[in-house]
């Protein structure tokens, strides 16, 4: 195994995540795409950790941080979506344009 | 290293066996017409990435991923989907008209990243060599020490963020009761 | 990193002028497990906070139970220490503080078991236990009972942490814990403004003193290289060079801390106001916890004062004597029964402080010991009376001796002990203080102390007469308190009678020794003065003063005299208003500290505002107006307007187009973000 | 230090494959034994006889007959159901169950368990959470209100009780100083008393949470017959139902086995050397006790209300288990 294969895989996943982030209408699916991007980042972090092989395993520690923050982000994100859905009976991001000038 | 050399290594078959379904599942996450299916494909993607972590000897991270993501985050997603709307069958309008610019942007990101990888690969020593750390699982004690010694402050900060998220989630999602309903709730 | 250095300190003795240091044992299981006493009240606190509301007695069981265990534990230690001195010290290094003043300091927790701390453990546990039991009856049906008992446990626990502290840092932790708990308890009935004011007053007054304590701790810690009392004592006993320079300053700063907690003049103002809390709190605060903390600190650091900080003692004795005499007078005019007792506490604290400052370590502690019993007794008795008549004012009382016999008799015993009548506990301890003052050459102060004894006896007689004799002037039908409350009274009356016999000068009780030997078990011997035989002449002066006070009080406030008339007879023109207004000290603080901020300072600021700033502003204004006219006429109308109109038109047109970008759609923004990031990365790559 | 990583060499894979096959085969066997025990025990607790005729005596073959019956039955999929999700849900539940079995130590040798992982207990908790997804999938895809509500209830319940389940094990991990299952058992064997004595709070919380994770009475709101027909399994029949059925009983076994490993000393027992063939029997005996208690509770206690269930988890079990962790950690440092 070499580093490049993981980096390429991460890049592909990250691009797919960006595509989903920009193209999906449903807010939940947008969040799913964000999770995809975070997964790509985690793969990169762990792969780099395996590459540099630091004794303190910084890459893995950061991957765990990312996972934790992602959990918090999903919690808040879903709460917001729930609130929006309750108020507007729609979970589509492109209909949420109250801030439009 | 040529591609056939690479393929001769059995561990790379394992990698392919994980990475190819993973990519397919990731594509389905962002293109599936059904929200629940998208979430379930994300489960597949994450399970495969947990497998990759095990290949990379990051066993603890792999199980954290399973426990936190598959065990909790995705369940939360499904929960959220089912509470907001859970139509069975396909939805026609999951992606909107902006999908072509979005595809363009993501392709640009992909191109830039791949170009960066190739550009850097020549400059870093051992970039094309086998990964040194693979073969011995990282001792979880090292991670534990990392968390409470060197990364203590980020660790506490993350704990604080989780707390804030907890409170925020409750505050956002709870329904404001009318006075009559509140009375009702108190009586129960 | 936590490293345990939990070894029993071998009997480390340095001859501080004395050759025969007693052999001290490390103590057995009970000494090693003394930390349990420190932890139990906190466990009770947590338990009550979490589950108190659901328990039958609202959590009181937990508080009483924890205190009961502590009492048993402390009693075993007490007996062990009687039979042979114990010394053990355990330190756990919790964290490194870092380099301060050229030495590495660390934060340690632990506990110390020696003569002094065992005595304090026992007093806190004994008085605490009885007060807790009493409070179960007293607080029945009150508001927030669980929280009350939780705070009470916190109070006792913090005091034990303070008493058990082997170093200054832990002492400060306990010290602040005591302050916090007292704040909570004094303000227990916070619905009334004056109660929460009293709590704030107590807290703030103590904070002033705490500054001294903390500065002193830092000073001593830095110069000594550590905060441990044992090191401090040893260094002081050796006349350590490191300490010589800072002894005076450090000693005075620590004394400042002690002044706050032990209510020495002029920081005594919080203590009488602290009556706002429920009576059991007052009993605990005045007898075993809180106010004894300052005396304890002085006793713990006694070698410093004894050997190095002699100049500091010259400052301490006058303050203590002022406290004991001048503030005792305030009790004469107080109408509130608890306030009488509060001023008597202040006065008695003055005695203790005077003794310790004069070099009478044993005498001060012995008075602390006996005072704890009879002051707790008096407060609980007062609480019993208040519980019966629903008023704090003695003008609502009178004639209660037949209605509440148990309370009456125990209160009289307590009063006589406080007045110093032979053979009750107060007589012996006060006598030792007089002997110490006399021996150390403070003859004038000794006479003041004798006069103080007269005052004490007088106001206590007054309180007893007004409360229990004459005719009842309140409303309703008072009756004796429940057994839950009279039980502790009787239990406290016993040591009030007999505690004095444990330290009759020159008398030693076979294998168990006497009080002097019990508190003598310390890391270094104290070398203080204590009389070797009863000094009958001094004892006679003290006793005569006390009897004279009682006689005068009885004459003035005899049962036939109605209270108001009796008080009127006492209203000496200048003195009476002075005392009624507490020497105007509260006024002084109000007008001397608070009003300079409110009044003159505000006026000063106003003047500056009106004259300096306004003038400047007006000047600038005038200048600007002139400039404005110039600019408007010449530049604006003729030149700028043209440019501006063009710019505005352009901005309007551009805005009209640009606003299309603000679609409100989050994904378009995200797309912009992605493209922006791409461009940035590309630029970065190209540049590098 | 062990890991999944050094997987080179055919022997390794062959051994692993055989062990996995044994674990997979164990699921139906365990399911049948426990299922039969439940039938008989519940019958006796209600003064009935229970299965009687099948197999001659005591109705011992009842479950086999039931199994054959289930497999023969037509596999009905509702017309409105989301077919792939509906089909995969039981498999996922079963996967979580089987994956749990591989880390239960029966014997100190390397043949005593499939793999001894450095983070064994963590792995067990992680994979046990996978079944949650299966339950949600089943509930959602059935196109049935009852199933849907059952699935939602299950998700809420499983997330809520996942936390005390994980937190309750932390005390043991702190005390043993390792997360390896073998290591935890060895720690108990070495000190010659099980962690049950010090971690009794943890054991109580763990078993309560395990009952809830299994959605068994008194925590069976997701499949409450009187309210939701059968919750998320309403629409299942035939061998897919059998999967759910077996998974529940096999999960009872594996949860109890984990509790035995963590709290009851695993294969250790006073006076009996740990490396004999008795070791697995000791584990099974201890598991049997816990399983019996679970069955007993099921036929004794009434069902909780949904809000009481959440209250129990969030307001009681989680705070208590956190306090337990703090106390254990403090004692570990101090003592």
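Note that the chains take the letters A, B, C and D in the order they are written out, and that residue 1 is the start of every chain.
The rule we apply is simple: contacts are C-beta pairs under 8 Å (C-beta built on N, C-alpha and C of every residue); 3 or more make two chains touch, one makes a residue touch a chain.
Computed from a prediction, not measured in an experiment: that's the story for all the values here.
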(request) Write down the chain pair with more C-beta contact pairs when B-C is set against B-D. (result) B-D
(message) Need the central chain here, defined by C-alpha centroid distance to the all-chain C-alpha centroid.
(response) C
(request) Express in whole angstrom the distance between the two chain centres, defined as the mean CA positions of chain A and chain C. (result) 56
(message) Report the inter-centroid distance (CA atoms only) between chain B and chain D in whole Å.
(response) 27
(request) Measure off the straight-line distance from the CA centroid of chain A to the CA centroid of chain D, and report it in whole Å. (result) 32
(request) Pull out every residue in chain D that's touching 2 or more other chains. (result) none
(request) Could you list the positions in chain B whose residues touch two or more of the other chains? (result) 55, 57, 60, 64, 72, 76, 79, 83, 96, 98, 101-102, 105-106, 109, 134
(message) Residues of chain A that contact two or more other chains, please.
(response) 18, 21-24, 94
(message) For the complex, give me every residue of chain B touching chain C.
(response) 96, 98, 101-102, 105-106, 108-109, 112, 116, 119
(request) In the complex, go through chain B and note every residue touching chain A. (result) 1, 6, 9, 11-12, 15, 19, 22-23, 26-27, 29-30, 35, 38-39, 42, 45-46, 49, 52-53, 55-58, 60-61, 64-65, 68-69, 72-73, 76-77, 79-81, 83-85, 91, 93-96, 98-99, 101-103, 105-107, 109-110, 113-114, 117, 121, 126-134, 138, 142-143, 145-147, 150-151, 154, 158, 161-162, 164-166, 168-170, 172-173, 175
(message) Which residues of chain C touch chain A once you look at their complex with the stated criterion?
(response) 659, 662-667, 670-671, 674
(request) Mind listing the chain C positions that touch chain B in their complex? (result) 667-668, 671, 674-675, 678, 681-682, 685
(request) Within their complex, state which residues of chain D touch chain B. (result) 1-6, 8, 80-82, 85, 117-119, 122-123, 125-127, 129-130, 132-133, 136-137, 140-141, 143, 148, 151-152, 155-156, 158-159, 162, 166, 179
